[in-house]
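Everything on this sheet refers to the single structure shown next.
A, B, C, D, E and F are the chain letters, set down in written order, and residue numbers restart from 1 in every chain.
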Amino acid sequence: MSPALTCRKLVTIICEAELETLLLPELARQGAHGYTLTEARGQGARGVRDGAWRASSNIRIEVLCGVGVAERLVEMLQTRFYADYGVVVFVVDVEVLRPGKF
Amino acid sequence: MSFEPVVLFFMLGLLAGVLRSDLKIPGVVYEALSIFLLLAIGLKGGVELARHDVLDLAGPALVVVGVAVLIPLACFSVLRGLAGFPRADAASIAAHYGSVSVVTFAVASSFLASRAVAADGYMTVFLALLELPALLVGVFLARRGQGQVGWRTLLHEVLAGKSIVLLAGGLLIGWLAGPDGIHPLDRVFFDLFKGMLAFFLMEMGLVAAGRLADLRRAGPFLVAFAVGAPVCAGLLGIVTAGLLGFSVGNAVLLATLYASASYIAAPAAMRIAVPEANPALSIGASLGVTFPFNLIAGIPLYYWLAFRLHGVLV
Amino acid sequence: MSFEPVVLFFMLGLLAGVLRSDLKIPGVVYEALSIFLLLAIGLKGGVELARHDVLDLAGPALVVVGVAVLIPLACFSVLRGLAGFPRADAASIAAHYGSVSVVTFAVASSFLASRAVAADGYMTVFLALLELPALLVGVFLARRGQGQVGWRTLLHEVLAGKSIVLLAGGLLIGWLAGPDGIHPLDRVFFDLFKGMLAFFLMEMGLVAAGRLADLRRAGPFLVAFAVGAPVCAGLLGIVTAGLLGFSVGNAVLLATLYASASYIAAPAAMRIAVPEANPALSIGASLGVTFPFNLIAGIPLYYWLAFRLHGVLV
Amino acid sequence: MSPALTCRKLVTIICEAELETLLLPELARQGAHGYTLTEARGQGARGVRDGAWRASSNIRIEVLCGVGVAERLVEMLQTRFYADYGVVVFVVDVEVLRPGKF
Amino acid sequence: MSFEPVVLFFMLGLLAGVLRSDLKIPGVVYEALSIFLLLAIGLKGGVELARHDVLDLAGPALVVVGVAVLIPLACFSVLRGLAGFPRADAASIAAHYGSVSVVTFAVASSFLASRAVAADGYMTVFLALLELPALLVGVFLARRGQGQVGWRTLLHEVLAGKSIVLLAGGLLIGWLAGPDGIHPLDRVFFDLFKGMLAFFLMEMGLVAAGRLADLRRAGPFLVAFAVGAPVCAGLLGIVTAGLLGFSVGNAVLLATLYASASYIAAPAAMRIAVPEANPALSIGASLGVTFPFNLIAGIPLYYWLAFRLHGVLV
Amino acid sequence: MSPALTCRKLVTIICEAELETLLLPELARQGAHGYTLTEARGQGARGVRDGAWRASSNIRIEVLCGVGVAERLVEMLQTRFYADYGVVVFVVDVEVLRPGKF
């Protein structure tokens, strides 16, 4: 698109709301400069999570970052959280302004 | 052995959930109501506490907490030894049953009030004290022989968790401000309490309905456990109360505390500290079986038992 | 013919909406308040019902519901025959006007209370009964000559819908627990009712302001219909009440039920059952015109008419 | 990116909140193994949907799936819901872990 | 110089925030409670106003507003002249301190009530009048010498902003309906007021805890300013009240209005009208320092001063 | 994917909630036909925005549009809002039905 835009990765993580306190510090530790979080509901292998109370709510976290950080985030999720928690992650290429920020 | 009218609201919620009604109470209303109930219970206890000498409670508190630690230990033995549950699951369920349910306590208080049976406001102090120890025991049981316990994280999770902060904060404010200082707030924190409890129970019914599916996976042993454990723990509470010379009302409350299983502090703490345990089992049992059982049959049963045994024990 | 003070809150909300104020009441507050109002109305009715013989209501209920079915039929004829609305739209609007508005009913009750005119609590039973039939008639009208009606889905949508579950659930709890059982809950469900209604009306004003744009698209015929229909239906209500020998207060309430248009159950049900109908038309008319009309002019008018005709009819 | 990641489709559906009860069972029927749902507001051809009450709220549903399911979902939306409801759908390629899950 | 019990709730919230408790009050509850408090304060003022001749207030109102304009001017001089803050930041902070805090006003009213010191309900009119002028002054100061002020946007932002709409709307409804018309709503808007205020203060404590980090960036001068400014403004309020012949109670309320800094209307308005100002500075100072200072020490201080100076000035 | 799908741009904007009243009219002015908005929290260079009250809440806005409108939106954000507000924007290629709508 416009020459002002640069390519970065968008890592989206969907997981149980209870994980928030464990996960957010981990993001910074892997080199993410920020995140955006929305409350979510959903369904997956572990059944319906209807948001009726915290124990059955999900959160959806987005991190804009470079390729290196994205790889580290995915690996961290895989080694630390995949076994015990309902975590879904997907990565997509996006174009951003001010690439130095991410 | 009739139950409290507020329990009808729980049944309405349960029914709505089972019928797949579009009645959905937004998650934030659940949050707001639980904050209200915890704070109000704390305040009430604190106001009552201001009328007593706090130091007199230290002895009974030690006994009450000491005996309570037996509950998760016994639960763990049964689940792991008898039924062969995996270590983590047995420990997590044990922690839920060793800890306490604030709403069950509130329904029991309200049950006593409508029968004009006196109970002491300082029982709330035991409510606050009983929350933590069973969680520590649960984590200890889950981790025995393995080094990696995040005790600091766990202690922070529970002690700075909303139920302790609100209960203890309410106790402290009530105690500092005293009956006169709190009086202008009575309209909200005391007069509205029972109506809010009814509303919250309706929500709990909806939430519990969502856990019924988990029960099928849990199997009949866990369902039987979820009825048997509270009865035994309730009995233990009545006996302990008798030995401590508690009034009948206080005995019913202590039995209810012992018999109730946590579903606010425990699920959050276990998810962090024992992540390999399956939360569907512990929450399915505590919220899907034990909570309704206590509301409908347990509290009237502990009431009846407490009156029977009072003469014998004291 | 002055109106209730609570109506001022509706006007404040409407004004804030029209002025594009940043006053926004979160959607979950709307949800929570509507749950509270439905449950409280149900409880109140149930408590009153406990004082009567339920079977005595069966006869009047049959008449009240039977006559009410005329309303959607008449609305459909006018909209389709006279104004040439598409079949689906005419049927959907007819369903909205045949069904009832809980808040309009609550304002009418409050209007009577502040004029010390007695009305019977069991009128809530009619409120609950009148919700469904018009929706069925509407779907029937929309689908005549076409096979694909999802009656099961529709029935489930309405019968397990939150308004029926809460109204009927409240009625049942109130009836089972009786005045004494509900008494500790009075502080929340009865004492707070009118203030909560005021708050909810402010929200309704904000919501209604958002529908005014739809009205421009709807055209003048629909706006005229949205004023004419409630007046005719209100008159029908007064006559029916007269024939059934109802008290003046009950007559005003029945007139209000007939005259009011649904905006909780009907929009949801019609969106599912008659999806090709444009919801902007039915909601624009019922919420943008009929609801404010009833609050401000309709209820005082039915009140005045009921007193005029009472001597003549009974 | 990292060799652990596999390509999948992310189907995002934005629609009226009232559609939830009709739409969710349909997703499973077309072969989706899960979904994530957030509450939303918005504006489009049918005017402003400000979230003030359920009748003017939107929902935003994300489904991670293979190409086949994505195609079926898009077609199902087109044939069953496009005519009568405000529905917007878009599809994007994403990289995921554990591709067998989606 | 003891403080109000409700202030303990603020401290509980602050403590929970500092301890990084998981106690989080959902944003929508904050919204709902602030709407309730604004509306209730407006209604109360309106009901009281109905007992007075509104025109009698015109003279004092002019003086009260005229003197109040001095506050942002003085704040600006200090921050820009003395401490060298950038123009936009100095102007934005000045606007916050010139405007008023509704909750601080409510705590002061409650402080007076529990000491049985009378104050007039029409003071709420000043509360509503004092919100806007300082914001206009702030924008004028920020933009001096630069053409691009969006006055229309700003005026709309404030006049149609929720605090003015609810305060003025409540005043009007209370005034139109009068004590009798509002009476059925007393249970919600008056009886629950103080409990809701306590709840809201707990939320404010949590929010304020989140601003403490900003203070470190702000530096010691701003912190000193955030304590010094309210004391000076409070004194100005007491003197003004004395010259106008106000009662001691009214003097305390006027001092509190002058001394309090806005954190509802001002942040929103400044973010739109003076976007280059750093909101962390103005909100950090007003919410992180001035708000707690006023609750804990300021109000008792103005109370003490008002009694001291009352004999001297009137 | 399926031949029915056409390529469009998805512009996602994350910013302070206070910006909503200024930003939404601007979207239409640059030619966007609609938007979808969700409430969000987050963290970035300006610290944590925890959603506890409006002044520390974020919004997340999605606009489906053609390349031209996407470029104009990015430029508008850059010139009007980047200096003074916490704004993050990213653009991604998506496939949509009914391309004329966007």
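Definition applied: a contact is a pair of C-beta atoms (placed from the backbone, for glycine too) under 8 Å apart; a residue touches a chain by one contact, two chains touch by 3 or more.
Keep in mind that this is a model prediction, so the values were computed, not measured.
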**Message:** If each step moves to a chain the current one touches, what is the fewest number of steps from chain D to chain F?
**Reply:** 1
**Item:** Cα superposition of chain B on its sequence copy chain E - rotation in ° rounded to nearest 5
**Value:** 120
**Prompt:** Taking each chain's centre as the mean of its CA atoms, which one is farthest from the centre of chain D?
**Reply:** E
**Request:** Have a look at where chain B meets chain C and say same if over half of the interface residue numbers show up on both copies, different if under half do.
**Result:** different
**Message:** Farthest chain from chain A, going by mean C-alpha coordinates, please.
**Reply:** C
**Asked** Can you give the whole-Å distance between the Cα centres of chain B and chain F?
**Response** 46
**Asked** When the C-alpha atoms of chain C and chain E are each averaged to a single point, how far apart are the two points in Å?
**Response** 41
**Message:** Quick check: what residues of chain B touch more than one other chain, meaning two or more?
**Reply:** 22, 24-25, 28, 31, 157, 192, 268
**Request:** Would you mind listing the residues of chain A that make contact with two or more other chains?
**Result:** 21, 38-39, 92
**Asked** Touch graph of the chains shown: is it line, ring, star, complete or other?
**Response** other
**Message:** Touching pairs of chains, all of them, please.
**Reply:** A-B, A-D, A-F, B-C, B-E, C-D, C-E, D-F, E-F
**Request:** Quick one: which bits of chain A touch chain F in the complex? Just the residue numbers, please.
**Result:** 1-2, 4-5, 8, 10, 24, 33-39, 64, 92-98, 101
**Fill in**
Note: in the complex, chain E contacts chain B through residues 5-6, 8-9, 12, 15-16, 19-26, 28-29, 110, 113-114, 191-192, 194-196, 198-199, 202
**Request:** Using the touch rule from the top, collect the residues of chain F that touch chain A in their complex.
**Result:** 9, 14, 38-45, 58, 60, 67, 70-71, 74-75, 77-78, 82, 88-92
**Fill in**
Residue set of chain E touching chain F in the complex reads 24-25, 27, 30-31, 157, 203, 206-207, 210, 213-214, 263, 267-268, 271-272, 275-276, 279-280, 283
**Request:** Spell out the residues on chain F that touch chain E in their complex, using ranges where they run on.
**Result:** 16, 18-19, 21-22, 39, 46-48, 50-57, 83-85
